[in-house]
Every structure is written in structure tokens, then in C-alpha cells.
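Note that subunit A is present in both complexes that follow, paired respectively with subunit B and with subunit C.
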Partner chain A sequence: MLEYRIEIALWALSGVLPFIMFSLWSQNDVGNSFGLNDIGLARYFLSAFLVRQFSVVWVVFSFEEDSLSGRLSPYLLQPLHPLLRYVAAHLAEQATRLPFAIAIAITFFILNPSSFWLPSLSQLFLAYLSTHFAFTIAFLLQSLVAALCFWTEKSSALERLIFVPYLFLSGLLVPLSAFPSNVLKVAMLTPFPYLINFPAKILSGMPVDIFNGFLAQILWISILVPSVNILWKLGVKRYTAMGA
Partner chain B sequence: MHNNSSDLIVVDQLSKYYRVANKQPGFKGTLKHFFDRKTSDVPAVTDISFKISPGEVVGFLGANGAGKTTLLKMMCGLIHPSTGFVDVGGFSPQRRQTAFLKEITLVMGQKQQLIWDLPPMDSLYVNAAVYGLSDHEAKVRINELAEMLELGEELTRPVRKLSLGQRMKSEILASLLHKPSVLFLDEPTLGLDVNAQARVRSFLSEYNKRTGATILLTSHYMADITALCPRVICIHKGKLFYDGDLDSLANSLSPSREVKVELKNPCASEQFKKYGEIQDLNDRFVCLLVSRDKLTDVVSNLLTDFDIIDLEISDPPIDQLIGELFIKGEVN
Partner chain C sequence: MHRYFKTIRLFWSTAFASQLEYQLNFLIELIAMVGTLLGSVFILSLFFTGGRQLGDWTWESALVIQGVYTFLDGLTNALLRPNLTEIVNYVREGTLDYVLLKPIDSQFWLSVKKFSFAGLPEIILGLSIVFWAAIQSGSTFSSYSLFVFIISLLIGFIILYSVWFLIAASSIWFVKTWNATEVLRALLAAGRYPISAYPVILRFIFTLVLPVAFLTTFPAEAILGELKFNILFFGLILSSLFFIFSRLFWKFALKHYTSASS
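Showing the complex of A and B:
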């Protein structure tokens, strides 16, 4: 079972993009143009890494595989919504990621001792809550694409349509404060800044509009839940139980 | 299940059409398909009607692509019918209400609901939670079914380490954990060796006797059908062309019986022509096809007219008859 342990470690390591971005932006004081010094950048990107670890979503890939292989059929005939199975799998994976995420955070602090900080209990609670909301939004967004499996056999290809704006507008590559104001205004109308930027700012102690941030997260969840529900119901009617 | 009538399953004028894309081969065909996609509706099941009583074991027979699996999928609620009506125990299957789902199960050959990297026992407890069984209920039920299926230590080994037969039996166990009263079985013995097939068959027969569950079964193996299903429904190109008991089907397919004779001395073929159709004549061995109404007289005459060492009367193999039936697509 060694391969499974290595795989879990690789999951955690595969999310190191924020650290790469940190090393990039911390060169030549570029971070100052975002209004962040090196310590602020370090804390932001470590927080972005941690938020990403607990909001990463892969439902579209599992769902597509299950749908094409016929494994979805027995799930559809059980008294449990199939999407809840994927929620459970994601939560189990998050629990598995936790010790690796902590180990990586400790290593980061050893390498960057000046960036060490301990968030307050209220910060930690709000960051925890907003990360869960971020996961919920990301899960629902991908479920919306996954439901397209009922129409097209390769809906994971459509996932790129979400992933590219997610990459640029979520705050994974750069804090959103680096964006020109007009771009920022447009970005804030999408769900993406609430997936990484908002929870990461809370966790790192950066100034953030907490009320409006949570309001936007709840608004997106309340839009996406019925959308997924409707698309799912329409899609299931088209299901042909391929390969089953 | 709440059904007012004595029939558990009512299928009335049920049809299903699949929309399929038609693409010509080659680059030109691909381009044309990309810009001007042509589709057509292919009928999988057409205007099928029948009723099934509680506790019945019914076999669905048909060649590949005949529509029997599509029919099963509509009855269990996996796919929506295009037209027609289906009622299972008072429920409309495609609505997939919780009360309905708790009463049925679908077993598909080699389609795993077991988690590949974990032992079956873990998947069984997940299923128990999904169906709202307590740990105690689940334990009792697992032990009961494991005993019937002759499963032991296999339940605590990773699924990927199990043989196909062990996996299939574990799949069946997982599917029956919630005590379903209607079993939809699609090729439950597919790919299993002869012994494993026999064990699954005897388990299903025992399960039907113990619980009174209704079993609907499709299989390519005639042995499954002959061992389990007193009633068969034959489907050809999406249409039902026979619904009745298996023995009557065999009789109507073959109004004759085989009479195999071992003679003391070789005889010429002309001598047997008056008794029936000669199927085979090889030295001292003769095989005749004799109509059922003349059977007694023919056997009596053969015993009188020839010096016979051995005589055997049998039906032609059911596999052969059904094979011919699928080609013909109708019962006489």
C-alpha cells in the first residue's frame, strides 16, 4: 500500500503553485506594487495554499468516469443523491490532506521564519467557514459542468472553461489587489475571488470586507444549488446508462 | 410495496428510442459531422406489454441488442421510457422515490458498486448506512447472506485482490443487503466459471424460496434460465414475441423429440425412414426426430422390429432451439 501513501503526499505537493508564485512575486519587490511586503506576500500565499488544499474539487472527472463506465447506474438506484457520494469522497480526501498541509506549512515557516504568525481564534473560525463555502461553490460549479455528462460524453473538457478564469481570478496566481480597479470590479462579479482570495485574506490577517465577502459566497451558493438541481433533473431524464 | 392489484409489475405499451449520431468514415465524414450533425431515433424497445405477479422468477431471452437490458433498465427506473407505462409495486420507477428504491435492486454483471481498493466489508457498511440499516442489522444481514453465498475471509480482503467469482458474489451481497423484494438481474453470471455460475444460481433460487422476492433476470446462459425461470419473455428486435412458461416454449419450438438408438447390428438408413426423420446414422447408432404424437408407437415398433441394445428419448438442446428462435424471431 506504499503507492497510496506516496499518492497522498503527491496530492498535497501538487498544490504548491502558490509557493511558486510567492517566489516569483517576492523577487525585486514586485509585491510592493500590490501593497504587500515580503512578509505579507508570504502569509497570503501560504494561506492561499491552505485554502486550496481544502477547497480543491475533482467531481467532474470522477463523475465523467463513473457515467461512461456505467458505475453511476447503481448509485442512481440507491436512496442517496449520487452527488452526495462525491461530497463524502471530497471531505474524506480533505481529512487525508490535513497532516500533509500542516507539515508543508511548518516547513514553510522554517524556511521563512519572519513570516510566522498565528491567526486569532475568530480569524481561524471565519477562515474555516469561508473555506467551506469556497469548497461548496467550487463543488457546485464543477457539478454544473459534470451534469453536462448527460448531454456530452466529454464534459471534463468543458471544465477548462471554469479552470482558466479560476486560475486568474481566484487569487491563486496573484492577490486580487494587484489587478487594475476596472478588472477587479468585473472579477468581483464572478464567483472566483471568493474561492481563494477571500478566505486567504481572512486567514492571513489582511484587511477584507468580511460581511460582503460572506454575503457574496452565500449568494453564489443560493444561485448554484437550484441550478445544479434543475440541470441534474433534466440530465437524468436523458441518461441512457451507457456501458451498463 | 403498495400495489392494489395482484400484479406486482405492469408494463403497458412500453417503448424506448435512443437518439444516435450517424457519422460517415474518414476526414470528410468527420468535417461534415462536425458542422452538420445527423441523428436518428433507433428503437430499442417497441410497444411491449406484460404483467408479473409477486414472487415470480421471470427470464428475459433475446439475442444481443434485442432490447432486454433496456427493458430491465426502464423497469428499475434507471432510464425513462419514450412512451408507454410501467408500474412496479404501485410506483412509477423513473421517479426513483426513496420508498421504491428501498424495495428494489439491480445487479449488473461485473459492474461494481464495491470500492475497488477497500475490502467488500467497507462497501457493505457504506451501503448499510445509505439504506439506513443499523450496525447490528447490517451485521446480521451480512452474516446471513455471506453464509448463503459461501463468502468468508474474502469480505475482508481488498476487492482488487478477489477473483471474478468472489467479486460477483460480493456484488450480489452488497445489492441484497437492504432486503429488496424485487431483484433486477442483468447477466449476473457473466464471465463466471461453471462452478461459480452454479453457486450463484442456487443462491438466487434459495433467496427466492426464503424471501418470496420477485426476480427478473436476463442471461446469455440458457442454464441460468432453465434452472431459475419457469416463465420466459422472449424479445427480438425490441418486440415481445413470446411470454409464457419455458416448457411450452420448448414444445412449440420443437414438436418432435430425439430418439437415439444403439443397435446390435448395423442397418441401412432406408429401414428407418418410416419411423421418423433421420438426424444421424453412424454404424450401429441412429438418431431419429420423431413427432410427439407418434412417439409411443414408434418406440414400440423400433423395439419390435430391431435388435436394440439401448434406447434414449430426449428433447433437442434448449440452447439450440433458442438460437434458432432468435434467428427466426417468432414462435410457430
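Showing the complex of A and C:
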């Protein structure tokens, strides 16, 4: 991983979307209408950026490549679930991203000195935990799509169908408290708000229902784990070892 | 010139034939497109709560920008993405050699080889939104404003193409440019909103450094009949410079091409 430093730096940069949105919301004074002043907005979007850095998932793309090029066959023979291999790769890259993420956070504080804050240890711990849960949910969601690789050659196209609701409902573009209440109700029934909005709120110190948030995260994980397992088992039976 | 048109026709008819195999893809793109549009219009509406305006753009005129963005996104999905993301593979696998041997301009070949028909609905929808929203915001089209609109769309597309091609061409040196493309795409998303809605420093960057303003805001101003002539003139010069630079850069990159695996 350390060989590809530029690549990882670019990856970190490609997460600038929350900052672009922050500049828009604060420039147009919209924050007040959903109960956030400029400092609150700045903290929220920096937290959203950080949460995304450590919960972003690309398993479907790696998996599709391995499946099409036939590399998956030896993985399937090994006495280790192939998905764990991807989990390890993701965690390793998250670790290498840490310095870049810190550098971007420092730059952000230099540009917006008034927004500087240090979360308390307990906030930091809870945010860390919920980000890991967010990563787990995102990983499982994409694994569901990845398992469809066993049926169709182009499952990465299907990933768009998760990415679109993720983009708008996760809180990457706007804190969910800005949503009208009926939209918010629907959004909270999906797993997406627990991927960015919930951990980012903890990290930025916004008021948040910690108990119910964690409960929902654990609930989603306990629904998704067996689903992925079942789909995976069905898929492996159909596996035809492309490219081998 | 005739040869180039004939080549495009052959390329795209083959592309059409091969894509008929993947009809599911077409459906997925369609659903994703509708979802994206609904989502971004919803986010846009949040800026207008309580009778607010977005950088002195009204709701209807801001929708024109969404339309232009959708249109360009469709062109990107149809033409830029399928072609320009392939260049890195040609370099990595050494098949760029065969492209260079062909008796046709290599930049042309690499830029138009493929056409993804799944991008077409987005192009059509984008244009429909532009005209619908322009009418809603009380714009009366003249042949002049339509002409300026087409020219400014062309300016935007050429700038977009050139920047993307520059990044793709740098794959001659760096084998993985995928991430740089992701950065570009993230920044281009800024084009969903009018340039005047950004803080001054970003306005400057998005006009002169990475000219996002020329992609969406200025074409939208053109159809609303508000585009100043000197901006159009500046855009013509800027887009020509970008395009010339992308060609020179490609020629320069080819000098450094040392063919893989042969």
C-alpha cells in the first residue's frame, strides 16, 4: 500500500464533496434554517469527510475484476472466506489514509480557525465505533451486489443503484436534519443515514440519539450478514470460473 | 475529413450492436439517472426553503443549471467515460502500439472509439429540463440566444474533454490514473450549482483554474439571455487553449511512450 502514496492521496482528495457542499451551505446562510450555525456546519462536514474516508468501500470493483480475470478460482479453494481477503485490503488502506486525512483536517482548520474543536475521548471512541459499523454495513451492502457477479458479468453497474441513494440519503451532501420530516422518516428506514450522518454527528458533537443509532446499525448488520451468506452460497454453486 | 466521419459511423454502429447484448445495463442506467436527478433537485430545493435564493439565481433558473449538468453528464457517460478510461488499459497492456500504427489520428481514434447508448436518455432529458425550466423562468428564446447557448455548450464540452484527456494521457507515465479521474469527477459535481453561490475564492478557482463555470453556469446564462459577450469570447479562447494544450500534451506524451510487454 505504501507504494501507491500518490494514489491514496488522490483518493483522499476525491472525497472533497463535503467541503464543496460546506462552502455552499455556509455561503448562502442556509444552515440556520436547519439549526446549524457556520461553526456547526464546518464541524459536521469535516466529520462527514473523515467518516467517509474510513468507511468507503470498493469491494464490488475488486471482486468483479478478480472474477472476470479468473483470479477468484484459487481464492475459492483456500480455506478462508474470499470476502475476508477484501476486508483486510480495505482495512490496510484505511490505515495508510490516516496521515492524509489528518493533513486535510489541519488544512481545513487553518482555513476555518473558528471551527476548531477536539472531541472528547468518549465522543472519539463512539465515533470510531460507529464509523466501523458504518464500514461494515457499507461493505455488506456492496458484497450483496458483488455476489451478483456470479450471475451477471457486469455487477459493478448495479453498484450505481446503491450509490445513488447513498449519495443523497447518507448525509454526505447535507446533514439529515435539513430534510423535511416526511422525507426524513423514509430516509431513516434505509441503512444510508447510519453510514455518514450518524457517526459524523457524534464526532462533531451534535445532539444525537446514540442508543437508537447504534441499535439501528447493529440491526442492519444482523440483517445483512445472513443475506450475504445465503446469496454467496447460492452464487458459488453457479460459479463457472471465467477466464480460467 | 470524410474518412473521419465514416470511421465514427462504423465505430458507433458496432458499439450499438455490441450493447444490445447488455439491455439490463441500459435499464440500470435509466433508474440511476432518474434517482440522481430526483436527489439533486431535492437537495437544490433545500437551498430555497423560506423564499431564499441561491447566489441571486431563482429556483427556475437554477433548474436550468441542473439541466445543463444532466446533459453534460449524459455526454460524459456516452462518450468521455467509455473512451478515456480505456486509454490506461491500452498503455498497460501494450495494445496502444496497434492504435498508433493505424493510418488515422491516434487522439481521434482513442476519443471516439466507443459510444455508450445508455447515456442518450440523459442527454435528451437534460436538454428537455433546460428548455422547460428556461420557459418557466420567463425566458423568450431568440435565434441569437439559442446560437449562443449552443456555442457555450460546445465551449463547456471542449474544456471538459480536454481536461479529462490530459489526465488520461498522463497514463503514459503513471499507470493508474483512475484516482485522478475520481478527483476530477468530484470537483465537477460543483457544477450542479451556480458559480455565484460559491465563496469568492472558489468562484475564482472554478472560473480560471478548473473552469467548471464554463460547463454549466455560462451555458445556462446563455439560454436565459444573460450571458455577457466578453465571457463568451473569453470562453472561446480558453477552450481553444485547453484543446490545443491537450493535443500538444498527447504528442509530447507519445514521445515518452515506451510500449509495455513488447
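As a working rule, the second predicted complex is superposed on the first by the 241 of 244 C-alpha atoms of A that agree within 3 Å, B and C clash if a C-alpha of one lies under 4 Å from a C-alpha of the other, contacts with A are read in each partner's own complex, and residues count from 1 in each chain.
We adopt the following convention: a residue touches a chain if its C-beta (ideal position, glycine included) is under 8 Å from a C-beta of that chain, and two chains touch if they have at least 3 such contacts.
Just so it is clear, the structure is predicted and the values come from calculations on it, not from any experiment.
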Partner chain in contact with A:164 - subunit B first, subunit C second, else both or neither: second
Touched partner set for A:154, first subunit B, second subunit C, both or neither: second
Contacts of A:144 with subunit B and subunit C, given as first, second, both or neither: neither
Which of subunit B and subunit C A:11 touches, first, second, both or neither: second
Touched partner set for A:178, first subunit B, second subunit C, both or neither: second
Of subunit B and subunit C, the chain that contacts the larger number of subunit A residues: C
First, second, both or neither for A:77, with subunit B first and subunit C second: first
Which of subunit B and subunit C A:41 touches, first, second, both or neither: neither
Which superposed partner A:20 touches (first subunit B, second subunit C, both, neither): second
Common interface residues of subunit A - those touching subunit B in one complex and subunit C in the other: 4
Complex contacts: residues of subunit A adjacent to subunit B: 4, 70-71, 73-80, 237, 239-241, 244
Residues of subunit B defined as touching subunit A within the complex: 18, 73, 76-80, 94, 96, 98, 101-102, 104-106, 108, 111-113, 117, 127, 130-132, 175
List of subunit C residues in touch with subunit A within their complex: 22, 24-25, 28-29, 31-32, 35-36, 39-40, 42-43, 46-47, 49-50, 52, 54-55, 174, 176, 179-180, 182-183, 185-187, 189-190, 193, 197-199, 202
Residues on subunit A engaged by subunit C in the complex (per definition of touch): 4, 6-7, 10-11, 13-17, 20, 23-24, 27-30, 33, 152, 154, 157-158, 160-161, 163-165, 167-168, 173-174, 178-179, 183
